[in-house]
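As written, the chain order gives the labels A, B, C, D and E, with residue 1 at the start of each chain.
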């Protein structure tokens, strides 16, 4: 596990971002080209399409200690593969609702549509997301959901 | 019920006799009267029973049975017929190798509810009309049938079958529906995240990862489950870490989302009485609200909500109560 | 730019919500202003001068009293800079100071005429006094 | 176990200034499987590539991680490098430590820490990489050009001259586009028609070019080398093969009061019409909405008069399907709708016109036969005010954020032409900046000012008020620091230009990306300016961004060169990162098939060994057509059992990446 | 349909005509105007500064009162309409203002801009409908050539007011047509008349007003109509040179509906 507190005692969250190769990854590159900064906590995993992202990946990230997971894809209607992000939208809508239903903070997961031209949006979204995760603090709930005892000790 | 049982037995014998079927999948008595388990029978139908404790959904057994020689007779309660259709949609059952009889159901009994009424030392159980007669070591007891049904029977999908080659039904059909199946889901939704979290922690912390839910579920019928698959790197067994069970239950619910017919078997078989069906029903409710009402297994060949989309679908984060409703 | 001017410029930007850096210096605001002739500093100059921190001159300008608050510059600015908000903020810098009211009650009676609507008096006080 | 080499690029100071590259290499060396790690100034340079090749040989590397700029930039370069050293090109991963690290972080410690994580993520992934081989697919040696303006025509001519077939699909009844409506061109002042119409004729007569005018592309499927397009040929109610373009029908048509699109509604045309004298194809078309026969069933005059028997009132829309190896988008532009800018009174006075309308008012074939007259009363205007940047350079709430680029020059042209032809006319130009980057452009503008006496006023117009037959123009003169008022007879608005409305739907059809203004996005703004990021789709003309005619023609030819380069190949290497199925785990449930956008998945019955006495069983399992699959991965998530996976983006690899990030 | 009605100070004093003709015409059209109890002066100038809170409170009180009555809020005076509509927009879009205003007023239910603010002319256009109005006219003003003067307050800023096209409005011309007269589109109809300047710089007010009246006179208008008491005053009293009568639009409305005398 990473050490999540920096030398000043501030919480340093781990954020996994899945970005589709065609729009969002290019949008993240554009943010870089435009020197638009966002926190270093965000690490991007390149996937061909947002529809490649399996709920298993998201839960795995949380399992391994991620505090927030964000998924970025082309705007609906603009998917490089025509329809991929439409499936993503349904899958993630249902998955996020389920996490919320289990009492996991809804804001730990997010989907954003970021086109290749939206470097500024990418930076803004990442800044917002990290700020929100910092407010929420470390993700304990998914881990603790099952081990009632250890928490109560 | 005795009468229905008799008619089933008679008709099955005919089907065996005329060679229509070579085997039957039905129920037999287990260790006690209230323990009836699925079994495959030959023409003699030895040990075959049908009564209020035959809650088990038989459709899943057809996946393997339709791979062997000869035709199998299956008995489908109305709610089982949805699972049957869903499996047909997914090409898991060879329809030609199945002969399905839709049989009557007046609600199935829940032994836990009987016990909860303080009935102890049960020796045998019999059904008499609207009542269940219990012979116990402390004498005979009678309870109202309508008080001791399985949870799922209180929000029954209806007494009509959606599949079957023929039907054996009682003259007087019993409607056991008394509650809205989403009542508890709505109640949970209305709670604060913290309350929900406490609720689920209380429930899921009891999971012993026995896999009974997965083994009984007609939608959980993968040749190899992702959680058993070392090639994928997703295999996991109980207690490898505290996170696993959450992952297991969330993913299991997600994998059956849009395919789950809400048969309630998962909760029925859970030895820890975790209300697993509430996970599935959450998905069902969201699907209904966000993408239009959908009942898995209502028809063969339906396109499920997760393999479909609309251009103006709600965005992730939308919930029925937050204006996501279409 | 003096320290005080810098402070005031920041305050003007803050309370007006105007970002003078959005201006592309096209002059449309001054082109459309109906009170242009009556002003010493014109709308586009307000934007430039707040940006430069030349606040003292603006505080002393007569333009802050002649702006008609007609919002023509607000409506037509191609870059949504909205100079009228800036002019109002400068005016507030003046009248919010102690004893700096531009219009005093004693002046009113001589300005009245029989048909003058209340609105004229109320609005004048709103605009010129605190 | 892989033997992995890690190469950390400084990118000069681009990376090295913020990321401690040595520390990254040092940290990478400690990762499992890594046998070699180093850093170098420019990994993409020949020397850098040699370093990689040598290290592969020396250390017997089986996998390579490059920590450098975005894989979108140099992944292809480095794939070639490792291939040259005998490795499979897909045994390479790129960690993006420039665009997604050094360029966005300022703190050196923080950036270095992140670079280390990105490196170890790439290492974790490459450990699970397997060699992949790209399949090959044939190339259909024909190009589709969408849009028949000067851009489309030029691209088509160049491709056709190289010996390949080209189809031009144009939605208007004639090719030629906006340039046909322009009177003269800057900075040479040659007549637009004189230079354009010969090219239109060349296109029509070229044996390799087929023109589908009055047609639209309605559907595109397939991929580079093998696109399939469905083209709707709209009913023109005139048989193109029979019509001789004599125009007899247009002189007899009784429905005469229909807005003439070619003259932007400044005059009228008949219901059956030929857009203009030099139209290509020169074939009449019936506008069904104003044709009396089509509306009431009575009339039929044109049919009676047509000697060629070309009129067919019953003609229906037709669809054709054609296959193409490459697609050129040349959908062009339109001036914006000016309703939002009515402070300039465009909808309040006919004497306020757009620059394109002015072109028609000055053109010999226009509604006034080339004499500049006021639309309201047909009198000669003596004072004309030009207003620049109408709707351009606005913030997002007010209009287009970009400069439309062409307006400064055409306004100088208009001003000059008016002053030359009507020296008694005063011409004022309100401008924010005069932008004249281009050969002979600034000289041209200076001539307008110095020789022709055009009055350039730095400042914007705030309001135009129609009053008493005049237009009262009130604006700023920022240099003189005064408000100017001019009583004008005409006002000409340099309306911003925007991509044609069809751009969005065509982009969706082609899965090519467009920006927030609906301009098509190029694959790289500097290095690949005429290609769309979608393989096989190329960009020509203003659909990619505002351009004048010389730039458009240059880009159209550049685009053609790219298309020719593609069509010259007999086979294309495909993308090996496609789906594949683990049949042992496949349920045969048909879920993946339903989400596949390409129809790449089919099912077949196969025999499998099973434990137990029966030994084998027949199961229905999926199979993927790798030539058709594009590797999106929709199937992998639809698959419950995890039987479906994507090569190069395998479940295991993504898990490894996630684990490495969260470690 | 019943509206909560906010008259404003001037309509109770110098601009009584604007108010009473509006009421009689509304009654004739079957629209009920329920005057808000205990309304306060709107302030007559919209405070643009982001830190102005107190100056927005009275507008919020009116808005909240209408909300509590469950009605849309009808206004008549251009200045009141402008102020109330813009303050309402702040309550929707500016979280800081919304929070502070609510903290100050401490209403039982916080106000978040729920009330819809409707100008009388919008009511005529959208609730009654100009076609319907034309049918109700009993004494069409045939032969009259009427110029509409919009001023600034109803139209700008267009994105907040949403009243009509701020540069080329037509609502008052449509209104004039509906009451049977001929609308005369005049120059400067949406440029400021300078009325606000009356006390500060009467010469400027005079100059601006004269431009407008001259434009109307030279366009051959026999009457100018307006919805604003300050514009009415300024155009009527301050303009020099050619004279054109300046009336409230409600007066002509009442006249056309045949309810003017009944009231007067």
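Assorted remarks:
Simple rule for what comes next: a contact is a pair of C-beta atoms (placed from the backbone, for glycine too) under 8 Å apart; a residue touches a chain by one contact, two chains touch by 3 or more.
Model, not experiment: these values are computed from the prediction.
Chain pair with the larger contact count among C-D and C-E is C-E, by C-beta pairs in contact.
In terms of their C-alpha centroids, the spacing between subunit C and subunit E amounts to 25 Å. One finds 31 Å separating the Cα centroids of subunit A and subunit D.
Our note on geometry: subunit A versus subunit E, Cα centroid distance of 51 Å, whole angstroms. Centroids of subunit B and subunit D (each the mean of its C-alpha atoms) stand 54 Å apart. Residues of subunit C found to touch two or more other chains are 72, 75. For subunit B, residues that reach two or more other chains under the stated contact definition are 226, 234, 306-308.
Chain contacts: subunit E has residues 167, 191 touching two or more partner chains. Chain pairs that touch one another, listed by label: A-B, A-D, B-D, C-D, C-E, D-E. Residue ranges on subunit D touching subunit C, taken from their complex, read 343, 389, 393-395, 397-399, 430, 432, 458-463, 474-478, 481, 483-484.
Touching subunit E in their complex are the following residues of subunit D: 339, 341-343, 345, 347-348, 397, 463, 465-468, 472. Across the complex, subunit D is touched by residues 22, 24-33, 36-37, 42, 44, 72-73, 75-80 of subunit C. Put simply, subunit B touches subunit D in their complex at residues 67-68, 89-92, 221-226, 229, 231-234, 255, 303-304, 306-308. By the touch criterion given at the top, residues 582, 584-591, 594-595, 603, 614, 617-620, 638, 640-643, 651-652, 655-656 of subunit D touch subunit B in their complex.
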